[in-house]
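Below: the structure, in structure tokens.
Naming follows writing order (A, B, C and D), and every chain is counted from residue 1.
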Amino acid sequence: MATHQHTSFLENHKHRVRLLISCQDQPGIVAAVSHFLHENQANIIQSDQYSTDPSGGIFFMRIEFELLEMIEPNKLEEKFKGVAQRFQMDWRFSYANHIKRMGIFVSQQDHCLLELLWHWRSGDIVADIPLVISNHPKLRDDVEALDIPFHYIPIDKTNKQAAEETQLALLKEHNVDFIVLARYMQILSPEFVVHYPNKIINIHHSFLPAFMGARPYERAYERGVKIIGATSHYVTNSLDEGPIIKQGVKEVSHKNNTNELKRIGRITERDVLADAVSLHLEDRVIVYQNKTIVF
Amino acid sequence: MATHQHTSFLENHKHRVRLLISCQDQPGIVAAVSHFLHENQANIIQSDQYSTDPSGGIFFMRIEFELLEMIEPNKLEEKFKGVAQRFQMDWRFSYANHIKRMGIFVSQQDHCLLELLWHWRSGDIVADIPLVISNHPKLRDDVEALDIPFHYIPIDKTNKQAAEETQLALLKEHNVDFIVLARYMQILSPEFVVHYPNKIINIHHSFLPAFMGARPYERAYERGVKIIGATSHYVTNSLDEGPIIKQGVKEVSHKNNTNELKRIGRITERDVLADAVSLHLEDRVIVYQNKTIVF
Amino acid sequence: MATHQHTSFLENHKHRVRLLISCQDQPGIVAAVSHFLHENQANIIQSDQYSTDPSGGIFFMRIEFELLEMIEPNKLEEKFKGVAQRFQMDWRFSYANHIKRMGIFVSQQDHCLLELLWHWRSGDIVADIPLVISNHPKLRDDVEALDIPFHYIPIDKTNKQAAEETQLALLKEHNVDFIVLARYMQILSPEFVVHYPNKIINIHHSFLPAFMGARPYERAYERGVKIIGATSHYVTNSLDEGPIIKQGVKEVSHKNNTNELKRIGRITERDVLADAVSLHLEDRVIVYQNKTIVF
Amino acid sequence: MATHQHTSFLENHKHRVRLLISCQDQPGIVAAVSHFLHENQANIIQSDQYSTDPSGGIFFMRIEFELLEMIEPNKLEEKFKGVAQRFQMDWRFSYANHIKRMGIFVSQQDHCLLELLWHWRSGDIVADIPLVISNHPKLRDDVEALDIPFHYIPIDKTNKQAAEETQLALLKEHNVDFIVLARYMQILSPEFVVHYPNKIINIHHSFLPAFMGARPYERAYERGVKIIGATSHYVTNSLDEGPIIKQGVKEVSHKNNTNELKRIGRITERDVLADAVSLHLEDRVIVYQNKTIVF
């Protein structure tokens, strides 16, 4: 079974809800939202806000709160509509007791996959993993050892569309909420991406926008940089240009050849990706105009 | 004149106020505070909160807001009393247009002093510096070049009490709000410290609690550590045990002798101290039980 | 089988040798050593040296070189004796084609163990792992999945000496070269340690010398530090006071409770330990008077 | 006078020499060089080497040594010619008691200039500063306060060539060895650059190759990066594409607007530039094919 027993998390978070808001900045938002929560017997655990310009920009908010007791589905949403309409909010409640379902795509490199699986089994990453999809059979054992289904879907020039349809069908069948490309070495088509807007997390092996595109470590070596990095971002149809969630770097020197840059880079890649996935799982990332607000 | 012309800061912050709160965590605090601010036509710019334990710990909050127009002195305080009493808050408003008055204590080393002066003249550190006090005459020119009065008060075993009284008189005369020990190589007596509780910022040249006390770089060299650091903390009567505001580190190796550790350390010391001073100036630090909440 | 196929490493390093030297600094050492190597048709790949004091301190050197063809065992040693005696050197040759045999000790936490195993299977850590020893059965599956023998040797107050004797017998039987304590939660007795001087690598979960001893994260939380760390060091009979090989740190804040410090710390611990093990495997660490020279 | 009294440095380094070599890698280089040094009663202090490919690449070496007594000018060079010719080396000796003469170019921003001046007066940067050249009068007082001549040479579209000729005449007159562009906001013409090949150090305010060209912080903000950086490199005629000496980075977030990115960036810029200048002064940088070997 691909569902890790996140028992203690669920025990601690069964009444935990997050509210995410964006709207035009204007007076009274915080007062209205906190009044609403107080009325509904919610205790605020954490609250973050940001405004692009306090005198009339876009306002973003994430509030995590504890309900005294769990409410019926959609009840909170219904009650909140009034407040939301008053300020013309984009908004959603996210319930921590709905464990998000994460589909992992992988090719031949194991470091990002193993990192996610380790954080998952240690309980640091709270998600269900209904499936791992790969265009190579190589990592099957690592996945199946943890009782996670592994789907080998080979891709070549002739079958890409069909392969993506197979992938989409599997994702739908397993109610996958979001996808992590854990060094998946294929470019997803716009037809695929449209199904998961801001819900596909990629790890790029450079500190973007440096070395966009292919072979970043080779090009970093050529350029003689003294720092290499990795970037986790949401996938859009502009390759390597999606909203950046997290970046990390490591120092290197003339002594490091391309293979060593890759080796050093793997450590950064897995750390950055795991952080980005955690942020997404905890509903800490709001996308606005190709940038992220990370609370 | 020791008052830097923070004109553009004052222009942008003339209606800016910060509210700092600590109290027992309980439902309704945020609602009550944000309702109060809304009623008083305040637009919240930034808000941070933390609770040591959401089910009944200590609640801390810092709200930065913009008033529609500036209010009479003490008016806001008077109005807020009701809310404060209801939740038994420790609280204070801090007005950004009151530029804080910073007294700097220094001995012979210049790096922390020059860092503060550079940030001050560049406008990154918004404070008035009515005086610099030193137990050595060495840095007089650096200070006076910026039209800041420099007071040379020598200290030896016989005159420490008298010297501190002279210092206190000067600080009082110049309405100093807080003191920065920029590598001041004297221990302040409890009689001195009591006048500035959580208002004396020190920089210690190790990553406390490692190498408490004297000669930390010598001892770091002896121990063969691979990382050295610096710690900025509020001064209490327990030497090097006051609440930590900020820490920083740098990697070192066997190649670095004690002098080189000191040279490398100076960079960390000045950065960490400047950060700590900025945090204090922006009312971002709340002290609770010998620890800091840094918003 | 516990021997990973380090085929390509062996192919590339079959003529690779490292020479490690310490002696009183004096003129002519480098000339004599490089002359010796040139005479023996060795091509120097990398060379590092350090002197505690160029005018008469202790001189340390590590030279990695490639022999034109592999020499008979002990031949190089015999030839070098003349040079060594002339400068009264402590010295040894280390042959890269002798894959070092690493014994891992572990308890219940998996992160350091899994990190070593991942680096091992990816070929970044070139070692044989003839066995893993644990005082808990918990991690057996992770170890055996990679065909590495797992020995469960429970320890309590009554059987410590016997348990250590069992451990020593196993280590001897499997010709273990060095031991890694991958969060092994037992203190080794002096009777054990004496068998592996500067050959037992521990990971301590603080930036030593801060928080020596037990419960470092709890104490870090109590003290309110803003940085936590990990330290890898050789085990001596002075607990947590052995020569430091590598240290790493991460920033934390008031928001992180003890459990979160532990979670954040695990990332640092595994990185620092893996780096220390790599340095040891590549003969880059020379111990001198409770400190390390790391080339 | 623009010559800082580097008395203690000179005392400690009066017999200190550095030898820099690049040539085709081949057996016997180290033996020949160290034999030569031993013959000439030189005690090696530090030695670093690197080969792009030990089986036939380019070999680089930097040896720092202490002569028993100072030799006549050119004597060492003459003696070394035989060794150099045998291996067809590019080579030079650099005498530490020749204090390098550094010309600083600056515009209106003070942070990089002040950093260099602070390191200079503290003795961390051992150089003479015969002049500072600026296209703005703004920083005159900071420079002249340290008795360093300040030359204000305004530049506009019409007089660029004449201005550069004036600059070159001044540099020549003062025997300037190398130039530091401490946030000098003018592009030097190829006619200027040709006079100082690999002797003009620039600081670019991004982690190159990201955000080459103008307005990097504005573009970093637009892109929503989570890390900003600075790059110090030698100036060539390909703008922002010269050999990188040093890079540094700092984490940022959505909260930082462009002005804050600039403020944060200034800290990185000055640190990176000061490091690069130190490396250059200590002859630690060898340029090869648009990349640097940094020993």
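Here, a residue touches a chain if its C-beta (ideal position, glycine included) is under 8 Å from a C-beta of that chain, and two chains touch if they have at least 3 such contacts.
These figures come from a predicted structure and were not determined experimentally.
Undergrad: Considering only chains that satisfy the touch condition with chain B, which of them also satisfy it with chain C?
TA: A, D
Undergrad: Measuring between Cα centroids, what's the chain most distant from chain C?
TA: Of all the other chains, the one whose centre lies farthest from chain C is B.
Undergrad: Does B-D or C-D have more contacting C-beta pairs?
TA: So, comparing the two chain pairs, more contacts are at C-D.
Undergrad: Chain C to chain D: how many Å between their CA centres?
TA: That pair's centroid distance is 37 Å.
Undergrad: State, to the nearest whole Å, the distance from the C-alpha centre of chain A to the C-alpha centre of chain D.
TA: 43
Undergrad: At which residue positions does chain B touch at least two other chains?
TA: 50
Undergrad: Enumerate the contact residues on chain B facing chain A in the complex.
TA: 25, 27-31, 34-35, 37-38, 41, 43-51, 54-55, 66
Undergrad: Would you tell me which residues of chain B are touching chain C in their complex?
TA: Residue list for chain B touching chain C: 50, 207-211, 223-227, 229, 243-249, 253-255, 290-294.
Undergrad: Touching chain A in the complex: which residues of chain C?
TA: 110-111, 114, 118, 122, 124, 145, 263, 267, 271
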